[in-house]
Amino acid sequence: MTTPKLRMAMIGGGRDAFIGAVHRKAAALDGQIDFIAGALSSNPDKALASGRDLGLPADRNYPSWRAMLDAESKLPRDKRIDFVSIVTPNDTHFEIAAAFARAGFHIVCDKPLCHTSAQARELCDIVSQTGVVFAVTYNYFGYPLVKQARHMVRQGLLGNIRKVIVEYNQGWLATALEKSGQKQADWRTDPARSGAGGAIGDIGSHAEQLVSTITGLEVEAICADLTHFIPGRRLDDDANLLIRFKGGAKGVLIASQVEIGHENDLRIRIWGDKAGLEWRQENPNELWYKPDGQPVQLLRRGNAYLSDDAKAATRLPPGHPEAFFEAFANVYLGAAAAMRKDPKASIDFPTVYDGARGVHFIEKTVESAASDRKWTSAQWKP
Amino acid sequence: MTTPKLRMAMIGGGRDAFIGAVHRKAAALDGQIDFIAGALSSNPDKALASGRDLGLPADRNYPSWRAMLDAESKLPRDKRIDFVSIVTPNDTHFEIAAAFARAGFHIVCDKPLCHTSAQARELCDIVSQTGVVFAVTYNYFGYPLVKQARHMVRQGLLGNIRKVIVEYNQGWLATALEKSGQKQADWRTDPARSGAGGAIGDIGSHAEQLVSTITGLEVEAICADLTHFIPGRRLDDDANLLIRFKGGAKGVLIASQVEIGHENDLRIRIWGDKAGLEWRQENPNELWYKPDGQPVQLLRRGNAYLSDDAKAATRLPPGHPEAFFEAFANVYLGAAAAMRKDPKASIDFPTVYDGARGVHFIEKTVESAASDRKWTSAQWKP
Amino acid sequence: MTTPKLRMAMIGGGRDAFIGAVHRKAAALDGQIDFIAGALSSNPDKALASGRDLGLPADRNYPSWRAMLDAESKLPRDKRIDFVSIVTPNDTHFEIAAAFARAGFHIVCDKPLCHTSAQARELCDIVSQTGVVFAVTYNYFGYPLVKQARHMVRQGLLGNIRKVIVEYNQGWLATALEKSGQKQADWRTDPARSGAGGAIGDIGSHAEQLVSTITGLEVEAICADLTHFIPGRRLDDDANLLIRFKGGAKGVLIASQVEIGHENDLRIRIWGDKAGLEWRQENPNELWYKPDGQPVQLLRRGNAYLSDDAKAATRLPPGHPEAFFEAFANVYLGAAAAMRKDPKASIDFPTVYDGARGVHFIEKTVESAASDRKWTSAQWKP
Amino acid sequence: MTTPKLRMAMIGGGRDAFIGAVHRKAAALDGQIDFIAGALSSNPDKALASGRDLGLPADRNYPSWRAMLDAESKLPRDKRIDFVSIVTPNDTHFEIAAAFARAGFHIVCDKPLCHTSAQARELCDIVSQTGVVFAVTYNYFGYPLVKQARHMVRQGLLGNIRKVIVEYNQGWLATALEKSGQKQADWRTDPARSGAGGAIGDIGSHAEQLVSTITGLEVEAICADLTHFIPGRRLDDDANLLIRFKGGAKGVLIASQVEIGHENDLRIRIWGDKAGLEWRQENPNELWYKPDGQPVQLLRRGNAYLSDDAKAATRLPPGHPEAFFEAFANVYLGAAAAMRKDPKASIDFPTVYDGARGVHFIEKTVESAASDRKWTSAQWKP
């Protein structure tokens, strides 16, 4: 049985962009999504040139997202794009997402969702009013063994969760790379485009989301120490947090971009009163399970002993490693299933609410870092 | 600048097939290849149904590869398919590949290439007569760090190669799985469809190709012990070989499908008189370099210190792991560049000659296993 | 040339004790120390019985440390013990060490040194007045690759230190083991015997010492969260600290005894502006060095490329693993060299000052945990 | 209760020797053996000087093993040495061991036991006639997790053994080190002192013993390829073997001293029809168990879930790593328990029969390497 393909437009992601190409490959991987329209840069000429590079048809290669919104809104339902994928710098997410969602288009939006909790609340309101699907590409959510970990926690294999250590170790900003004109470094260290958080926003938010996904724990209070080690850098490049979760669990969150020798080292360890779990993004096909008093077990992606949702998120047999693109594609698949209201597919992706909670987390971390009090209340209410 | 897409037809790979879907995703990953035609099963009804599943246009959804060959040959050059991807069981590769190559279509063919050296020679002859591009999907060839290893050997960092240990450890045939009706197990343990080699053909041939790619060494003589541990199994499920290479290097090759707990564990260690190298497919983003008298070095995919061809074979920055699909896609990209005669692209993929050498290797291994002499001459001449 | 052996007496470490036997094996390993006297328990009968078990001569098998001090003080210099090894519960260290040091005996004392900074200061004063050698068995100090790490930091290979993450992960107190009568659990969770710190005192102090040894950094301020997860437990079983070091470096220190599946997992990561380092006690023969922009290097114990002090601390060639006992023995060797005033030996062991700094660290951590202010000043002055 | 100490004499192991010091530390570790006599070199002056270095009493510091044999034999039973530890080059083992065993002294002898099977048979005969304890220091036998592996095989957890891969990878002879005057390299590459095997004798024999210990399998036939990669070297520095075991199991044995970057990398993998096992000497506190269809399990030394003999061979709790010396000491402890006829101690050590089987294995490997036939019968009969 053929599944009709969804029509995707992309906003941002033109020439020289990194993450746009990742989104396009991820969206294309399973043959369920066609990339048919774009407004690929805030610069109209660059937008159009980028669209031509990628073979977009001329009539849907837009000079701006406003032009796209205007034109696509006028097309009949069965012709127009199903959703936009927003991969612009963080400061523009809110305006674009709000506009398209209000117009009834589904949204896939990069993280962090937006700059302020007020914006985030407004996006949540629009979603609840319009009923559009709104996915936020916390891509690490898509790894099969993250789903397995979540499953094991939900099943009670860990017992009551006591402690979480989550780390996101990077080293690429250990020098003043932004002064060299490197595009990624430039905008990610610029508060106007990145928001109030540097490392904590860019990668700490992934760490927060991973904890939330796997454990379901809610942050109650935060004690943060934010540092920038590069003189003149305007945002933190190193963040260390103590966390108290509702119910008594304790956490440590480390997010750094000056830890030389670490590439994209997101890792999490969780302990309950029955067992522990450990997972690392750079070796994503392995999950360590540590039941009390017994040998440690190594669970590997693709095996029959895994949970149904971990198996459903897998495309290859054991030992044929899957990685970053497939996890990213799983977020698109989850969103696509929701857009299609597919009753059979598991609808499982990070939503606008995850995005809003993430923005709140960044805000509270920055607030805590500026405070002399040990603990800053940080509970988020949807 | 837009690259015109290549038009791919697939033969085999219909409903229930595993590897066909892998080929399609790999071919699609980089947006350079359109899958537009198919003859997806030897059963015409199943072929057509499978094509409909995948959204093939009715006029290019063929009931058989002969029908496809006939129809496509009649289309004008700029409409007809550029190449066929042959993913049928091994016993049919020869006939299909020979027919399409003779008709001037480029070929991407699964491995092993065919059943006999006589067939292999004929395919080589056709290729040299017609000039078609003929890629054999030794997919592990496509990993960036395999290219890095080859580069380091070629640069002389290892000195003269002395020893190679290559292993392909699997455990999925540790029971009589073929009696359960499992499709993969069924045809892979059937000499009529798989050829003379079991484990040695299915996975030992990958191991042989990996050695050849990285080291350039030529096999001179083989001493093989082939076993089937499952009573009644008609092909080897465990192969252990001593190898002598031209020039004096020694080798050990292990290919097994009864090593419980191993999934798809292809690994290689190489030593010269200056240094050693080690790589494992299940952890493909890491390469170990062991210079004499110095600390071992861990090279990781995506880093600036790697060779140009290793970097060109990469889509993501360090720490964002790439895996099986991307390596597979690299073989398609290499073949596609050759089909387009792209002067800028690195043309780098396993060819019909690699395939022929592999068939010869399987034949000589089986011959050695049946022999009482220690060494069976096994040199291959293109 | 024969080295005359040193005469050791042990206080504590009788029947059922764990750490006493470790000290005895460590002291004996290199044939430089003879164990010739003991007061092996606070219970006189048990003390004498334990001494008989271990073959102590009757006249130096003492019922109490006071009896030993009395008798040995009366012996001529060339007969009496050279030093006492104090392996009693923490609450008795001060009194015993002070008495023997005042009487001019050298001291090897288990950690933590004592209960209060006032006691620690007094011990330091006695040492400076009497000139006795006073070693504190921070045994992890003795690992060759810890010395290598210290050497690399001192050589400037890391540049300016920016960040340290040190962890001591254990899981053995994840249940209320002290209620089962287990001796170790019983006294280690009892403030009267252990002092103000639970996990932070027992293992967090090792972590602090490791940071100090390798980096030379001085703690400036601490922000601590101490928890006991077992209801009714009277001391922390989980400690998470943010640390600010003099000069601007930041730290995270984690010490836990409820992390199920972790055994004795002391590990440290250090980053400067040029490189990073990583070491784990459970795999002590490996040290990871991460120079910026280059492949990670794996340094292994026993190799010629290591520093002189790392090589001097080694007894076996590379690949013949050394472990816990040898590191422990190195602390004894260092203290023994100092006792002998051996001009050739490298005199290198943790002293009473390390012990005093550790007691201060525990006090300040407990103070911080009880405080609502984020940062508690914690600088230590010798 | 005090255990009376055993009196050990050492033959060989004087100044500059490596392995003698290892034996002395291993023998001393547990306080059950006193080193009281020696004939520490074949050069009488060096022998005496070495004994003085080590503090031997003058009257038992012998200029030669013959002098020792003579003098000790005349002492009353309760004064004379209990056993000799023979750590001389291989070529002298036979004569010394035979003489002392005939005189009723127990023996601990380094491996390989002797040069020829005829000698080995004679030693076995002497042992059965005299009833002396005769241990051969296959030291890797002493690791707790080797005992655990043996236990699991005996318990049937692996089912019928199908395959063994055992490797002993070293790189220290990758250059012509013997020409530099390095003492170890000099005698180990000299057939007169080392015997007919180079790498196969020095380290391949350890690999053979490890297989025998854990699996109990008996070698039936061997197909060997021996190489020396250094021009002019008189013994193999690289050995690769195919093995057929009685009962149908297959094996691969690799022993090399030219694999640059490998230090002392003895490792073994075993598969049965139910599960697999994996252990590595360089990381000896971990054992991997791979039950079919379930997650891989990591068993770690010191845990309660291990077998009794694995626990009895351990001195430290989990996570406090043990290593080479402790394993070596376990062989001494096993031999000592046998000498004492200790009914409570587990008597478990490699005997003269293991040594004899090892000599036979080396002989048959060398014979196979010289043969054109694929398989050389190699069954050993005690």
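Every chain is named by a letter (A, B, C and D) in the order it is written, and numbering of its residues begins at 1.
Just so it is clear, a contact is a pair of C-beta atoms (placed from the backbone, for glycine too) under 8 Å apart; a residue touches a chain by one contact, two chains touch by 3 or more.
What you are looking at is a predicted structure, and each value in this text was computed from that prediction instead of being measured.
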Interface numbering overlap (same over half, different under half) for subunit A and subunit D: same
Centroid comparison with subunit A (C-alpha atoms), farthest chain: D
Inter-centroid spacing, subunit D versus subunit A (mean Cα positions, whole Å): 56
Intercentroid distance (Cα basis), subunit D paired with subunit B, Å: 44
Numbers and ranges of subunit A residues touching at least 2 other chains: 262, 296, 300
Partner subunit B, residues of subunit A touching it in the complex: 1-2, 5, 18, 21-22, 24-25, 28-31, 52-55, 170, 262-265, 281-285, 300, 302, 315-326
Complex interface listing, subunit A residues touching subunit C: 162-163, 165, 171, 174-175, 223, 225, 227, 229, 238, 240, 242, 244, 250, 252, 254, 256, 258-262, 269, 271-276, 288, 290-292, 296, 371-375
Residues of subunit A touching subunit D in the complex: 289, 293-300, 303-305
